[in-house]
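Chain IDs A, B and C follow the sequence of writing; residue 1 opens each chain.
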Amino acid sequence: MTLAYKLLFFIMILSFSWPAQADNMRMAVTTSFHNSGLSDILLPEIQKGIGVEVQLIVVGTGQALKLGRAGDVDAILVHSKSAEEVFVSDGYGTHRREIMYNDFVIVGPTNDPARVAAATNVVEALKAIEETRSVFVSRGDDSGTHRKELSLWKLSGFEANKFSPAWYRAGGSGMGSTLNTASGMNAYVMSDRASWLKFKNKGELRLLFSGDPVLFNQYAYLPVSPKLHPHVKNDLAIKLENWLTGPHAQSLIAGYKISGETLFMPNAKPR
Amino acid sequence: MVIPSILPVSINKVSVRKRGKSILNDISLDLDAVGFTIVMGPNGSGKTTLLRLMHGLQRPSDGMVSWNCTHDIARTRQTFVFQTPVMMRRSVRDNIAYPLRLAGLKAAETNKQASYWAAKVGIEARLGLDAMYLSGGERQKLALARALITQPEVIFLDEPTTNLDGKSTREIETILKDASKNGARIIMTTHDIGQAKRLASEIVFLNKGKVSEHSAAKTFFDNAQSAAAQAYLKGDIIE
Amino acid sequence: MSDLWFGVLNAFRLILSFDADLYEIILRSLHVTVTAVIVASAIGLPLGAWLAVNRFRFRRLTIAFLNAMMGLPPVVVGLIVYILFSRSGPLGVFGLLFTPTAMIIAQVIIIMPLIASIAHQAIRDLWADYHDLLISLNTTKRQRMITLIWDARRSLLTASLAGFGRGIGEVGAIMIVGGNIDHVTRVLTSAIALETGKGDFALALGLGFVLIALAIAVNIIIHRLSKTERAGQW
């Protein structure tokens, strides 16, 4: 008995003596960004370049904005322009800085019952899915990707929330889980290119449609306002912004490839 | 300094009812400061309840029990050996020493005392064993040692030798006689008429929740007054 | 099926590779859950004993509440702790959100009712056993609780281990309050969720088997050290 407690005590001591972190900041990022693997390239370079350890909280855009609003992170990197602009105009963020963009793709079953692969633009592709009532899995989690998908349905003349759940399945989870669901159901799904390329459980799914400029997806960086939340590390957030928009980061982003494909196009404008 | 005795005990017009059933019915009984009292009577006559009442484990529905001191002090100088002794989930040593540990005595002292009393009751070879491994007789002996270790003024025992073999019964009776000789006031119940004859200085005979006889042992066995007691001693079934 | 097989293979590969990141995650999982179990036991065991030996007006209600708390979804606990410790929340000044401490607090809330409830049941049974003896010996309430906790220690160890089981496999709450930050708050379960999200089932399963092995190892070690096997009947 006493020996058991000694052991537990030992484990506690061992684990409490965790190395203390030096300069660190927290940034909420979207799953699509993190799943791409780009963060694995950037984080060590950030540490090397400006000596800041960036701790990523990986969530949907909706939750990322919420974390920023509450002051629980120092900056956010998300992709939902209208929501970002509200975030800044409400005073939660100091400003919005565009960093890069990637694009969304339509993925679906190899036999492509809706013939999405033959579409010339995304509106045609979505109309074909709606017309054939082919099973489509939606993120349904108020994330940037979800909002984008809803706007595309609107562009095609539909209200997605009026779709029958018989074929339109709103999953309510992250990109990876949604892709898993789609793979399990052999269904159509909209994904960002990076998540799709990195996804390992493709099953019968393949990429059917991409390239429509409407599908481009702008990422922006928003430091949380130190006026509203005096404890946020705004100096580090600014340091990070300067680094992300600088030539080294921008060329790293441009050079990041999966299976030979470029995933992100840097487009930060110098101040 | 002489510590005043908690005895005598006086039971004054006590009734005990449980769930509407009358267990003890308007009992009055005085027990002297010395002696070996055996409470006898048929099953359901209220023997156990009477002991628990005196010890304070059972509240009277009517009437009162009074010791020669407050109830709080009274219980600190009594012990109760239950019909099925409680085996604490510890070693025999720790079971016996438990009352002394409660009093805050040091482990070395309590262990020494536990060994002494274990030897007294003849279970010193079992000291290190978990109490659950003891036989029925050994369990009774453990309970006795745990009762004797506080050197109580009054020892209550509820059927201490039921279901025990002759050897164990004899050993326990010897221990009780010794304790009585050393001044302990013993109040116990038994079904065993022979045991009552061997041990008792006085008998309380209960029937249907009433005291039907309270007399010296010799008087009781030679010349019982009540019809119920006579029938009981003859071996008849009492309804 | 092949995914399962790869999962097992991956688990062995992971363990044998002595991957520093893996061991860090395992150690953090242990740190968070073991600390939470110790804190929850320190609260839950006496609480269970207290509920067993005391009669008071709202006792039944308290026990019913405790039992209901056992079924509390961890996500709800996570959300509540998040809201409390968020910078905009009442306890925000401590800056505990997204730290192991916040994860420990959430887990204490999740497992304390479980430990207290199992402890209460075990101690209630023992109290029924000991009742007459302990009353007869004029014990104080405090002495009764200490005696019952000590003598029920093996059942209580089971209560704590049940708490450990619930804690080590819990992901809903620690994801929310910990944020699953690499090298800071990532534990086995959140790493599994992450890998599942990436569709890397083999790695996720591998980590899952590591988690199972860890839980079994902890149980065996604790039982060995407490010698419950040898004197198992209590």
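Convention: a residue touches a chain if its C-beta (ideal position, glycine included) is under 8 Å from a C-beta of that chain, and two chains touch if they have at least 3 such contacts.
Keep in mind the model is a prediction, meaning the values are calculated, not measured.
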Far-end chain from chain B, centres as C-alpha averages: A
Chain nearest the global centroid, as defined over all protein CA atoms shown: C
Distance between the centres, which are taken as Cα means, of chain C and chain B, whole angstrom: 47
Gap in Å, rounded to a whole number, between the CA centres of chain C and chain A: 32
Centre-to-centre distance between chain B and chain A (centres being mean Cα positions), rounded to whole Å: 78
List of chain C residues in touch with chain A within their complex: 27-28, 30-31, 34-35, 38, 86-89, 92, 95, 97-98, 100, 153, 179-182, 184, 194, 196-202, 221-222, 225-227
Complex contacts: residues of chain A adjacent to chain C: 1, 3-4, 7-8, 11-12, 14-16, 18, 21, 26, 31, 35, 55-58, 69-72, 174-177, 179-180, 183, 198-202, 229, 231
Residues on chain C engaged by chain B in the complex (per definition of touch): 126, 129-130, 132-133, 135-139, 143, 147, 151-152, 231, 233-234
Of chain B, residues touching chain C in the complex: 55, 57, 72, 75-76, 79-80, 82, 86, 88-90, 98-99, 102, 130, 132
